[in-house]
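What follows is a group of structures, each given as structure tokens.
Shared between the two complexes below is subunit A, which pairs with subunit B and subunit C, respectively.
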Partner chain A sequence: MDSSVHLDNVMMRFDNFVAVQQTDLKIESGEFFSFLGPSGCGKTTLLNIISGFLDPTEGTVRIGGQDMRQVPANKRPTSMIFQNLALFPLMTVAENIEFGLEVRGVRKAERRKVSERLLNLVALPECRDKRISDLSGGQKQRIAIARALAVEPRVLLLDEPLSALDLKLRQHMRTELKDIQRKTGITFIYITHDQGEALTMSDRVAVMSAGKLQQVADPMTLYRTPATPFAASFVGENNRIEGQVVAIDGTRVTLDCGDLGRLSGHTHDTFRLGDKALLFIRPELLTRRTSMSDNCFTAQIRELNFEGAYLMMEATPLKSQHRLRIQLLSDMNLGDVAPGNLIIFGFAAEDAMIMSGARDV
Partner chain B sequence: MFKQLSERFGPWVSLGIFLLMFLWLVMLVILPQILMIDYSLRPNLPPSQIGGPDDQYTLKNYATLANNAIHQSIFFKTIWSSVLVTVCTLVVCYPLAYYLAKVATPRQAALCVLLLIIPFWINEILRTFSWFIILSYRGPLNALLLSLGFIDRPIRFLSGDGGVIVGMVYAYILFMIFPLYNAIESLDSNQIKAARNLGSGWIRTHYRIIIPHAKPGIATGCIMVFMLSAGSYAVPALLGSPGSRWFTQIIYNWFFEGGDWNQGAAYAFILLLLCIGFIVLMMRLFKVGLGDIAR
Partner chain C sequence: MSSHSILKWGIRFYITLFFLYLFTPLIIMSAATFNDSRFPTISPWRGTTLKWFEELWQDSGMWQALGNSAIIAAGVLLIAVPIGVACALFLSTYRGNGKNFLYGLMLSPLLTPGVIIGISTLIFWRSLGVSGGIYLTMIAQTTFIAAYVMLMILARLQRFDRTLENAAFSLGASHFQVFRRILLPYLMPAILSAAVIAFLQSFENYNTTLFVKGHDTTLTIYIASKVRTGLTPAVNALGLILILITILFAAAYEVKRRHEARQAQINPETDSESIAGKQ
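And then the complex of A and B:
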């Protein structure tokens, strides 16, 4: 069955506020697709448009190729998992799961079969007759998933469903969600502001900011080659250094970064000499060097945080105001890595991304 | 409780609070009621014989109702009409309360509440009289219906219970709206969205999600409106016809026209007890607990 979701030139305006700018997007059938962005970026608005709770100001939504303009929210082949789950507190677990079927006039025996199958899927068969208030946070989460799946949606919409859970449970639910998606083959559209969630679960991620799609790519591409400064700094950690173009050699660009001297990186943009530009280098791609060479600088360690497998530190290059974040594997020979000490750091030019600052949002 | 209060306000203030509560409860609620029970259980005697040998406790006053078929029919009609008033008020108020709680913007809601409250700045008698005018044979409502061609000749709205019921629904709207509004307002809007998202139409969303949630509010509103209409005097007195007497009017007559306070007190108590009984029955029927109402 075709469960693709098309957004054709979708735009949403509330009075004078544009919540979602012109968006053209195709989400493939059976894909785990995430919208990632800070709160207020328009991602929840998009979800409400897909589910039919909002009508877009312009453009159309197609699900499985079918135009959804005349289809009200309760007739769409979508199912939503709400941020606060919105389970019905006055119904039992089974009644919650069966509600969507009850609406469709499915017989009681049939409904019971479905709810039992789903309770097994989410590994809570013993909760059937419990009240919602007797469930733990993780159990509620799973019941919400079961309730949404009961109506056999073609598209499952998830609005930050894990944000209320504690860290361990959240990580566990991530694998479980991914697992359920693989088993059911339903298109998942996931909304989150947590880049970890988006990167670990998704086939593709759309980074959103101020109502605009910044980049749509698979997680690895997104992390390695962000397309915009916003994507570069929002997805994962990144050091951002401003500079002016002084040399161009194909895709390799060298910037004059003031106190930090000349630093080179690679780019997908076109520059002219003298343009302002931004250099992005990931904390884990800054490495320790024994002697000074190109793309190196001496920095004083300000702060050191031991995070188990690695060390996260903040360091200030000499004669500079920058605070760079650097991540080192915490092996045994850390030696003189201690606050106050001077250490040489460097990076390979192909690890650094150079972008035009003009597109910064 | 006294300890908690005295820790916070000191012993003297707490003592004062308790005394006031005691005075209010005992002097203004319990004692007058006991006095009325006492009245209802004594025969109606001329002042000279009060305290004399005939002044014995008796259930004679209560038996009066059992032997008077007309009073009985008025009594049951009062209960029945009060139920009707309650149902009509609920039907009128529910959509409005839902609109106020879930649909209207804060500005619209504020305006609506203001429009609801303003008429209640006018005193009850005047408000009821205005309905008397509106509903009268040559009144504006009949004129409107005539001019729109809905009817061929004026309707006598005020001849049966119709006028009384309309007047009461209007008089008690606020007692229904606010409990309903509070109850519906406390429902998480995502529940409504979730029901829609699972395919539920509007009617089912209301009776499966919103009404079950609002049940305590509905119960509170219904009890208030029912008690107020069963005990109402002004509205039936003004809008009622001779054929639509309310039980309260009979009680009034015993007190002030018959001069038989003992008989009036007994009738008043029967009304009170049966109303309470009726409410308890209804609460059982709709599975509403006292705790739900206090929520």
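And then the complex of A and C:
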């Protein structure tokens, strides 16, 4: 069955505020797709447009190839898991799960079979007659998933459903969600501001900012080759250094970064000499060196945080105001890595991304 | 004596005084029921009797009035509750201009003296050829009782999680199904208390009813007219019966509430045990 979702030229305006700019997107059948962005970036609006709670100002949504313009939310082949889960407090667990079937007029015996199957899927068969208020946070989470799956949607929409859970449970539910998605083969559209969630679960991620899709890519591509400065700084940690182009050699560009000196990186953009540009280098790609060479600088360690497997530090290069974040494996011989000490750091030019500063948002 | 115990005794004294102020009239009134005197009084005590209950039982005018009051109260309940609920639902979802105006319009009968509601209802319907009576009384009382209902429903609606409606909608429910299965069960406790309040408000109403009652008589009007034509302890007997009925209902409600509170306390405990058992 085709459960792809197409957004054709979708745009949403509230009075004078454009919540979602012209968006074209194809989400594949059976894909785990995430919209990642800070709050207010328009991702929830987009989800509400797909579910039918909002009509786009312009453009159309197609689900399974079918135009959804005249189809109200309760007739769409989607179901939604809400941020606050929105379980019906006056019904039992089983009544919650069976609600979507009940309103479709499915017989009680039939409904019971479905709810039992789903309670087994989410590993809570003993909860069927409990009241919602008697469930723990993680159990509520799973019942919300079961309820949404009961109507056999082609597309499941998830609006930050894990944000209310504690860290351990959140990580556990990530694997569980991914697992359920694999078992059911339903298209999952997931909304989150947590890049960890988006990267671990998704087949593809759309990074959103100010109502605009910044980049749509698989998690690895997104992390390794971000397309815009926003994507580079929002997904994972990144050091951002401004400079001016002084040399171009194919995809290799060298910037004059003021007090940091000349630094080189690779780019997918086109530059002319003298252009303003941004260099991004990830904390884990800055490494310790024994002697100065290209793409190196001496920095003084300001702060040191032990994070178990890693050591996260903030360092200021000599004669500079920059505070760079650097991550070292903590099983290395750390010796003189201590606050106040001067250490030489460097990076390989192919690890640094150079982007046009004009597109910075 | 420490200042703490002075305060404690002061509060006790005040509370005693307060309850005496509340209940002495009721106690005297009830006691007068059993006095073998032509007037509703406790002094002089002319001997204990139950004959006023008998007289009350035989007072056909009183029964007639009681019947009218009950019919009117039931009618008001049936009209005012749907109107009040509908207004509350509309005001809680409507976002356009004039919302405050509509809210004010609904509440204005509450702020208008009952006498004026009575007179204006009578004048308006007279001009259309409708004269006073049971039905006009229902209409007149409904104007302000519907506002009470609306306020009670609005209060509960304010705590309603609107995403529940969206959730039901996204699961395929129609608007009517969302209302019947999600919103109505949520509102039910408030609707039931609003119905009780509406019934009582109607039952005890005097000043509005006085103008629109026509030739029909309600219980409050009947008792008031008795005050003029000569009150006997039979009225006290009626008062005592009403008090006893009220106490009975209040006690039944309290027993039910405590029972539920106990149930709610038991459940989470058994739950945490079963979870602990699994780990």
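Everything that follows uses one rule, which is that the second predicted complex is superposed on the first by the 360 of 361 C-alpha atoms of A that agree within 3 Å, B and C clash if a C-alpha of one lies under 4 Å from a C-alpha of the other, contacts with A are read in each partner's own complex, and residues count from 1 in each chain.
The rule we apply is simple: a residue touches a chain if its C-beta (ideal position, glycine included) is under 8 Å from a C-beta of that chain, and two chains touch if they have at least 3 such contacts.
Small disclaimer: the values here were computed from a predicted structure and weren't measured.
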Ask   = Counting only touches as set out at the top, which of subunit B and subunit C does A:51 meet: first, second, both, neither?
value = both
Task = Tell me which partner A:75 touches in the superposition: subunit B (first), subunit C (second), both or neither.
result = both
Inquiry  = I want to verify the contact counts: of subunit B and subunit C, which reaches more residues of subunit A?
reply    = C
Inquiry  = Touch test for A:90: subunit B only (first), subunit C only (second), both, or neither?
reply    = both
Ask   = In the superposed arrangement, does A:147 touch subunit B (first), subunit C (second), both or neither?
value = both
Message = On the A-aligned overlay, A:356 touches which partner chain: subunit B = first, subunit C = second, or both, or neither?
response = neither
Task = Have a look at where A:100 lands relative to subunit B and subunit C in the superposition and call it first, second, both or neither.
result = both
Task = Please write out, lowest number first, the residues of subunit A touched by both subunit B and subunit C across the two complexes.
result = 51, 53, 73-75, 78-80, 82, 84, 86-88, 90, 99-100, 103-104, 147-148, 151
Query = What part of subunit B is in contact with subunit A in the complex they form?
reply = 188, 190-191, 193-201, 204, 208-209, 212-213
Query = Which positions of subunit A touch subunit C when the two form their complex?
reply = 51, 53, 73-75, 78-80, 82, 84, 86-88, 90, 99-100, 102-104, 130-131, 134, 136, 147-148, 150-151, 157
Note = So, in the complex, the side of subunit C touching subunit A is made of residues 161, 163-164, 166-174, 177, 181-182, 185-186, 267-268, 271, 275
Remark   = Contacts from subunit A onto subunit B in the complex sit at residues 51, 53, 73-75, 78-80, 82-84, 86-88, 90, 99-100, 103-104, 147-148, 151
